[in-house]
Amino acid sequence: MALTGTRKWLNEVIFGTDTPAGKNFDVILIWTILVSVVLVLLASVESWWVRYGDIFFVLEWFFTALFTVEYFARIYCAKDRRSYIFSFYGVVDFLAILPSYLALIFTGASYLMVIRLLRVLRIFRILKLVRYLRDANLLVRSLWQARRRILVFYSCVLVLCIIFGSVMFVVEGPKHGFTSIPKSVYWTIVTITTVGFGDITPQTPLGQAIASMTMLIGYSIIAVPTGIVTAELAHELRKDKQLARCHNCGRAGHDSDSEYCKHCGYKLEDFDLLAEE
Amino acid sequence: MALTGTRKWLNEVIFGTDTPAGKNFDVILIWTILVSVVLVLLASVESWWVRYGDIFFVLEWFFTALFTVEYFARIYCAKDRRSYIFSFYGVVDFLAILPSYLALIFTGASYLMVIRLLRVLRIFRILKLVRYLRDANLLVRSLWQARRRILVFYSCVLVLCIIFGSVMFVVEGPKHGFTSIPKSVYWTIVTITTVGFGDITPQTPLGQAIASMTMLIGYSIIAVPTGIVTAELAHELRKDKQLARCHNCGRAGHDSDSEYCKHCGYKLEDFDLLAEE
Amino acid sequence: MALTGTRKWLNEVIFGTDTPAGKNFDVILIWTILVSVVLVLLASVESWWVRYGDIFFVLEWFFTALFTVEYFARIYCAKDRRSYIFSFYGVVDFLAILPSYLALIFTGASYLMVIRLLRVLRIFRILKLVRYLRDANLLVRSLWQARRRILVFYSCVLVLCIIFGSVMFVVEGPKHGFTSIPKSVYWTIVTITTVGFGDITPQTPLGQAIASMTMLIGYSIIAVPTGIVTAELAHELRKDKQLARCHNCGRAGHDSDSEYCKHCGYKLEDFDLLAEE
Amino acid sequence: MALTGTRKWLNEVIFGTDTPAGKNFDVILIWTILVSVVLVLLASVESWWVRYGDIFFVLEWFFTALFTVEYFARIYCAKDRRSYIFSFYGVVDFLAILPSYLALIFTGASYLMVIRLLRVLRIFRILKLVRYLRDANLLVRSLWQARRRILVFYSCVLVLCIIFGSVMFVVEGPKHGFTSIPKSVYWTIVTITTVGFGDITPQTPLGQAIASMTMLIGYSIIAVPTGIVTAELAHELRKDKQLARCHNCGRAGHDSDSEYCKHCGYKLEDFDLLAEE
């Protein structure tokens, strides 16, 4: 079903990016989302809330009203309403306005407010439409290609953490902070990922020796995911260059930031390049 | 000696993966192992043990009984019983049930219980039979190819740690927590691997300057194992693609997640690809 | 406008690097800058300031006078005075001497003194003229090529940090140090980058489980920027070798530390190699 | 001058590795060095020194005597005595025995004892003669090729640390632990290398925001040395394979762990492969 009249125009503005109005709408929306997210972040600081609570309250309802209008406008002008509402971004749009209304009914449910931070995910929808997409695609494709290798790697890391964690539990014991095996496993993860909070630390010489081994292993296996991702990324980068072709001379091999064909000087268009993927 | 009757059927179910019964057995076994491992982890939390001790006790004996039956079934239906019992997984299977029985004889030997966590290793046997194997093989082969380079690297790191550790012992001394050279070496390992617990920290300006050098060196040499593994992994990835051939047209160069031959559209089978390694 | 007389000679000494006088001037300037920067660093240590305040004061004015003379000499002999003054390095040169004079007028404005550390940036101007430039160019070009991928990567990391941060705020709450969402986001950044100060740490089992996830994700995504930069760097390295040509036989493919052409033995000059970029 | 008689035989045993006696001497020496290093490490633990001081004392003199005899034997049988004494390893050999004798004269100079740990460097001399050398060479050559890029990188990191350190000094100030600019720079190095001791942490919101930026930058630039080393290592690995040729058929391209030529099955000898580098 082709849209007509106002609905068609609204669809072009809200969902589209080809018209100037559509582009402006996207830019305004990104800024609105960013400001509202910063507001939610700042409102959680108690001293700010005490002092500027009223302003936060008014602004929050202003943004909620805005996003509510936008949500219903999206439903109104969507090509297929049902599929929009139950799509990933449709649910995110809904969750972004829900908490404010729920807070009217259930007072004190301030933790619900956190859900509003999901608004930040809405930025990705808009970014999907712009130039950055191609690089994001490349990253996602590389990670997706490497997913099984990464899973195998994480299984091994987890088994290592369980084994080292239980050894540390036996060696150090509850009196040095290793109160249970799950906590020892938590400590091992903190250590093997080289985070090292220092809230729990081994005290016995034997415990420190085992901790040293854990660290050196962690230091070494940090190389494995890097190796996996690098190998895939290099492969995808090569593929990317072979796929992106100039529309004038048909030759490929362009750098990801080329704006003109290096063989014939023809202006390269992003969407042309994207279309081939 | 070819197996017959019940023994053959049991062998197919327990060791095999080709029949539906064999696949179901593997899936159930993985879940049983995971649940029993989680139980051991939770039972080590004192507050849970105090409250749900009886349930943990009953469940533990339930799983021990299950694994005992499985262990003897494996011995019964193994093609070569002797080699199974003394194989790596045979010993792990035995160690996974031993502690519960030992706890009957030696009361209070609660540390023995930790050995049961070796059950987690049993998961690898089952995973060996599935699709993930090929990627695990790639990782293992890369690490194995790089083993000597990694050994050389670790020797240098250890010598660096001993030298920096003894310098810090002289500079900072016992009154700032560097009570002995082994402890200083431990601190150096904590620092050079960028873990940084913060339980021991340099206090003198000279000590902090040397610590800064240690960190910058650590930051830099973190690149070496990464470089080694990446270089090997890229090499193995290329080799992998050359080895895996389609059974229909015989051509190679397939991606690791291809399901159909990209030259002739023939369905690729995992075990065919594996067979060539 | 071609320079003549004293101005031309001064220009060659101060801005140039081809004459022996120009080279000596650069070497002396680098050392003067380094010494003056070390002085500013040491003068900020209170105990040193109390003891050697007078010496610091005298030396500071000595260096300020030197840099003032140099600044005006640069203006005097610059080819285009206006463009020098408003160039990046012109402003840095000005800011490097400004604070000392301002301190005469506004007493107690000791924080202004920190601006003098911008002098350290002046070293880059001189380095621009020497051999190291080519390698710096390679690094900068690689990072520049990868800028969009890096931006996409950082956006994802920030969104991840906001989401994990707000979850930790809900789970751990103010009584375990997670007093506001911005602080929780700060904690998440500390954790996901594997820095792990340990000033705020999760105390509840659920919080520790989520923290473990955060660390493992951080451990994994550390691979992504590495992969991006490595892939670009390898690409640039290859390009670099193809670009640098011998002036005698015209053939390319030289290593970055080659001093003689490997095809005809002709001495390679850095500036020749540079010229082609 | 060709050595003869006892001197020649001693030289073969002590410096050589081709005869069985030479090989045995190396193996015994490695173990003697390792044991004496472990002894020095353990002797620095006060509680052990109090309890086993006598044993440590006796053993220390036993090893000192041994190494003294070895040192003079090396001088006796060296081809060029002067150049041995003033070579790197000659000095290390001398420093390894010096402290024990000095301790006789200057009592209480226990810090001198630390110098004995330089013995650990002697292991490298012996390792130089064995199989691992080739891989060590590869690593060293890669790092050497990348030395200028690494220097450029470190200069940038240090400038970054000075600038961020002085900003943090202004923002946080002495009352939050940032007592001087050098200490703030130390903190910045701790943070940018993702070590994160946590002995000094930012307390103000602005300080935490700048700290977050520092961490994200550190997280990102960790990729640069990795990229540099990986790119060089991959290049060296390729070169290595092209250089190592079979002595029978002359063809290259062997893996670094190949023991037989993959083209003609001829046994590859390490020293043949090494000779070509």
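Lettered A, B, C and D in written order, each chain numbered from 1.
In this text, contacts are C-beta pairs under 8 Å (C-beta built on N, C-alpha and C of every residue); 3 or more make two chains touch, one makes a residue touch a chain.
Composition by chain, UniProt nomenclature: A, B, C, D = Ion transporter.
What you are looking at is a predicted structure, and each value in this text was computed from that prediction instead of being measured.
K.L.:
Check every other chain and keep only those touching both chain B and chain C; list them.
P.N.:
Chains touching both chain B and chain C: A, D.
K.L.:
What is the size of the turn, to the nearest 5°, that moves the C-alpha atoms of chain B onto the matching ones in chain D?
P.N.:
Rotation angle between the two copies comes out at 90 degrees.
K.L.:
If contact pairs are compared by residue number, which of A-B, A-D or B-C agrees with B-D in over half of them?
P.N.:
Of the listed pairs A-B, A-D or B-C, the one copying the B-D interface is A-B.
K.L.:
From the centre of chain B, which other chain's Cα mean sits the farthest off?
P.N.:
Result for max centroid distance from chain B is chain C.
K.L.:
Provide the C-alpha centroid distance between chain A and chain C, rounded to the nearest whole angstrom.
P.N.:
29
K.L.:
Which positions in chain A touch two or more other chains at once?
P.N.:
Where chain A meets two or more other chains at a single residue, that happens at 182-183, 194-198, 222, 226, 228, 230, 234.
K.L.:
Could you pull out which chain B residues touch chain D in their complex?
P.N.:
Per the touch definition, chain B meets chain D at residues 145, 148-149, 151-153, 155, 159, 162-163, 166-167, 169-170, 174, 179-183, 185, 191, 194-198, 201, 205, 208-209, 211-212, 215-216, 218-220, 222-224, 226-228, 230-231, 234-235.
K.L.:
In the complex, go through chain C and note every residue touching chain B.
P.N.:
Interface residues on the chain C side: 194-198, 226, 230.
K.L.:
Would you tell me which residues of chain C are touching chain D in their complex?
P.N.:
Answer in residue numbers: 37, 40-42, 44-46, 111, 114, 117-118, 120-121, 123-124, 127, 131-132, 135-136, 138-139, 142-143, 150, 154, 157, 182-183, 186, 189-190, 193-199, 222, 225-226, 228-230, 232-234, 237, 255-257.
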